[in-house]
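Worksheet: one structure, shown below.
Order as written gives the chain letters A, B, C, D and E; numbering starts at 1 within each chain.
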């Protein structure tokens, strides 16, 4: 119950098989021409690349929600900040190919800015951007978490202030003057590390990197959850005050997992931008963060594979339904959510486990 | 944020040079105008086993809340040893300094197994990094096994603690307390809900611990109190302050105690 | 294949469904109409409808799906600028065609896009000129009120420059933004009232989406009449007014390139077809459907595309682009519109209408004929000489 | 000049003539804008009942022209010849006489001058208010005359201010000073530019001094008005937040259901209002103004029924798993929204304020308090009082609270928790429905209505302290006022951001919300 | 009054009650004894309907109530003092007492009889304090008072003396005696405090690992055979 039997031998086989299969997709796309029975359409590849980013975000969320019982309704902000951090680099590597043929991104030219504002400095370096991907969400989460956890804000009160945070960031980023492209955000990227961003090879590489990060994150999270720290986290979830009376300071445990989760989410965002090609403030809308929670819940919170499965299935269904039943898909999706809660209290992962039992 | 000694191994430097481990001086706790504790003064010597009795609502649990940092006193001071001001420390710091507590209503980690409950309570460096890398040594494992036997939950170590019966939870909590190896043990009604036989065993256990730890016990079971108090001091609280203090037989004969507590 | 697939990329759910749903329906109607006349190149058009759900990354995903999976020859879609920006790279990468039917801020020209809505000089500038004229009330002070995003911000930047060129002082211009979905306009209306005390004032509203209704309701409540402080809106048309009690709004204005109320045979025909279509397809509230500018732009766009395909004798993107230049179409607005080969925008007439109690518009001013678009506004420095692809 | 002419005519006009000279009318049907404006002035100058009737008809869009340029007033399928007054059937080829804002302005001006001598007090009052905006020196004699005749004190006070306004332009310094002094009690903001010009530029120093004083008085009065305005706007916003949040305070605050479909319950309430309005339009058009009286119970019943259905089918399986309710109710919310979209279309539907709720009352000279806002504030108070009474003064309320705290034990003392759950959720939903009725009077009624309120509602409930009705009220009030005092300074966007940050910081100080549960019972 | 026949109960795979039967008459008090964790609370919960039984039947005054939900059993005349008190933490003491009257109607439902205050004077003092703020013993008193107010036909007490001061335990004993003497109520008393149970009970049953291993009249309670089942 406590220990995810998910990582049983069977689960391991499943993970390895899924990884191999996922890794094969872009290669099949590259090496077999359109029309060949083994060809995988690039549309499919980019779709799954996107889902993997969502899965990483859901996994990150599950670490705080499923294990430490901290429900965040604002993880979208970490995702988006990671994406924006990477996006700054991508914007700068457009160079003079923008419509205004300036060194500055088009939206800055348009605002009559003559130079990059200070908070853009260094972002022309990929490595600086990479550091920001980790640091920006990490520092924000750390500071926010420190004060919130120190004040012993819990439960819905915490959830609501995370929602307030992401909402505030969304409004802030919507403003043109904030310097991140306002409502349009960043888009129309041309290249990454010198490689054209829409070239099949680049895409395949991004895809494989994402896969590697996802699998790596999964292993890291598993290791944490299985450690004694994992048990302390669950004790935080169940009875925080009791934990204090045996000598643990929940503050640092919560802060650790919260910050880690934010960083993972930021990395997910960073991987997401080049593959999807746009980042804009609506990623920080409260509804987007709630959707992340939904992925984790559908998959089964408190399990590691669950959220990954959840992110894939919810988004997969959404992609499929919005194309196949443009007028009815919300009924179908809504119904699925209701049925999952009603009949699969442990989410899809619970289904898998039930079969195993 | 006095986070400097978060989760560290118990401070070696507990200063008990004057022979007492706990001093409460003129502690008052006021809830919306109601005085739960009223200038309560009390001290416990090193190695003493002190029984506290008193009517329902006398303030016994509130006093323990003050000692463990759960409730901040409205006025007065509480010292652990000569130097540690409990009113300035947070719950986990106090726990870490060496005060362990069993609550009046059994509180265990219901979603964890019995084994994990004991493992979590075990005395060790309780900061984040050590916890992340912690592995049970065979010695530690042995210690847990020993306690499991003592509290008669061996065989149940993989059960979720939430599924235990009331009495079993009581024992588990005592087990957790022992894993913590605190210098001062606070027991709030340890035998409530225990059968007579279990009560006797608990008394035995406490008599064994006597001298190794300082212990404060709150109970309403007079037989049990007599059993463990032996010739030691029993304190009677009433309306938030000490009503009487003395040997068990003295206290039991005290008219005021009979009036407010024991009944005629 | 024996059909030609065309993609329709409009949000049917989420916040933009309010505006975009009817564009999807008009597109389907137009496709039916073309099919009824035998289709294009002898083949029937097959619409592929998807729902990007007002979610901008989903727009990009769906665009890619339409082009790469469904292999559509052209996509009609998008409303907000950000959704357009999000799909642009996809259309460029896969070299496909997008027809964009909504008035927008300009500052863009893409080979793969045809813009059938208005550029700022086809809507915003004429409207302000009208307000400054004697007939329009000789406004001296201006409140630029918008939703906080790129279209209003850009439009207002252009208008500010324009007003300055007309000698309006900075202190006579007030620029105010509200977040998306803002619903409490008490303070803003009170401030407009205060500002208006300083001289003849007009409000130029680029409020988009759900905020319009509360804004107009508040105007009505505060008793700000069009004769005192006229409001001209660029994103409020017949469709939006369906949700408002228009009686208190009498005389407030909107600028568009088409109004349902313009009288000409093409328009009567268009309206009749639309009403019949709505009734036949049992669209919700079929008895009260209206037409509006983006619907007309969609209609025109699809027809022009069909003509261009016929001319090119192929659906090949580059050939169709070549054939699009100079296409003309007799539009419901009563004018023959021409697609500019150099900037992919339509030459369009501009109308200014006052709101009538029945939710329609009285045309009070119009250009003598279609106006060429300046997607790169000359009022923005550095844009000179950028009007071509 | 034209105005002067008009006024002169008014002053000296003899008995009204029976009809209007076609020559005066002719330009109206034409398309020379200046000529049309002149024509209106001329018609106004006639100062006859016919002129008033024609101008009013023109204003209402009831005047039509034949292709030859003859004008008819059309009412009830009858056409009255504007020139002769003869009534007959509709002639062929009638086309509406188009008016625009400029013309409308001219008509209003002409009419208000006419109304100054109307026997109706309300008409004269309206005219005086209207003239305050635009009085010019040339109108002074006319105003003086009206003032002389005026019997009503309020209108006379107003007219004095109007006269003074007109006299500000007087070439006579003494008159100017008198006017400035007379205006010391005015709250008319549009006087500011004139006064400012006088402060710096008037030839006469004593006028300059007087103008300075008057300007100061005016400014301080305006500042006070603005302050009171902000307070009112804040209360009004608070009442909206409160009505939006109150249902949630029950379903979430009391029952612990993270009810993401709360917004959709508001929406259903609003759509019920719409349907009531339609029904009245169709079957009881005369009573249309009272459709809200039917909408309130209807909305309550409909949303409560929807709520009960949801509770019975979905939510009742989720007690004790509060976090899962988020997922299920999110699904419900998607379904409800799409259902409404399918039935009513994606577009907004029109819900009009009843006429008694449109417009507002002017206080302190220039502050308009909208009737619909006032009604909603009162309504919010009533609903809060009702909910409070139910929860705290009835046995049902006691059972509700008991069940929510300890469902199992409530069963053991004989309370059917299933029934109470159902009723409580129904009550919360029904209250959301009432909220929806109120919201329909202020904003959109569309499938997305609820989405706009859900975040705010949760913030209000949580900020107040979950399960604390009083907290919800205070939180709504606090957020409303904070918003309305920040907005003029920071703008709507930054104000909203500031509020969100404020919430985050506030919760640090009060981690259990405004009305935190204290003591052991909180655990 | 109460007839329990061969009830079985499982927690998942664990068989907690194994064919427990018992019978209790009006005006009698039955003591339920047994070591920790043998299933006493489980049995009482089954009688109250909080836990479902998988087999067997429960009858109250001849009426089969095996499948009734708790609230209907309460209305049928059972009152319950659970182990762990379960008072309504955020209701005031007075409101908690009113909840005891939930099965009544009319005026009776809103009048708290003064007797309970005589028995538990502290409750009168703390009428407006929230239940959750009371001390452990005070809460226990409140829980008993709440059950008594219901004027049940059968009262189930799960370790009612837990955490209560000696003088009040005596008072509670007196009340139980009084109720027994009045003869209109059956009392099922689960108690670890042997002497207390011995004093009050007319009859007893002893559970061990979910089974009835001994039962009889008060007189035989002190038999070594019985005591053996209670020893560790």
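The rule is short, and it goes like this: contacts are C-beta pairs under 8 Å (C-beta built on N, C-alpha and C of every residue); 3 or more make two chains touch, one makes a residue touch a chain.
In this text, all values refer to a predicted model and were calculated from it rather than measured experimentally.
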item	value
Interchain contact steps from chain A to chain E (minimum; 1 if touching)	2
Where chain C and chain D overlap in contact partners, by chain label	A
Geometric centre: closest chain by C-alpha means	A
Centre-of-Cα separation between chain E and chain D, whole angstrom	62
Whole-Å gap between the CA centroids of chain B and chain C	74
Rounded Å distance, chain C centre to chain E centre (Cα mean)	75
Euclidean distance of C-alpha centroids - chain A vs chain C, Å	35
Numbers and ranges of chain D residues touching at least 2 other chains	337-338, 342, 451, 493, 496, 519, 523
Chain A, residues touching no fewer than two other chains	171, 174-175, 241, 327, 330
Where chain C touches two or more other chains at once, by residue number	12-13, 148, 179
Residue ranges of chain D touching chain E (in the complex, touch as defined)	395, 398-399, 401-402, 405-406, 408-418, 467, 517, 519-523
Residues on chain D engaged by chain A in the complex (per definition of touch)	258, 260, 314, 317-318, 321, 323-328, 330-335, 337-339, 342, 451, 455, 458-459, 462-463, 466, 493, 496-497, 500-501, 503-504, 507-509, 511-513, 523
Touching residues on chain A, where the partner in the complex is chain D	65, 71, 147-148, 151-154, 156-157, 160-161, 163-165, 167-168, 171-172, 174-175, 241, 286-287, 290, 293-294, 297-298, 301, 327-328, 330-331, 333-338, 340-342, 345
Footprint of chain C on chain D - complex, ascending	33, 61, 98, 100-102, 104-105, 108, 133, 189-190, 192-193, 226, 229-230, 233, 236-237, 240, 337-338, 341-353, 358-360, 366, 368, 370-373, 441-448, 451-452, 483-484, 487-488, 491-493, 496
Complex contact set, residues of chain E against chain B	11, 34-38, 41, 83-84, 122, 129, 133-138, 140-141, 159, 162-171, 192-194, 230-232
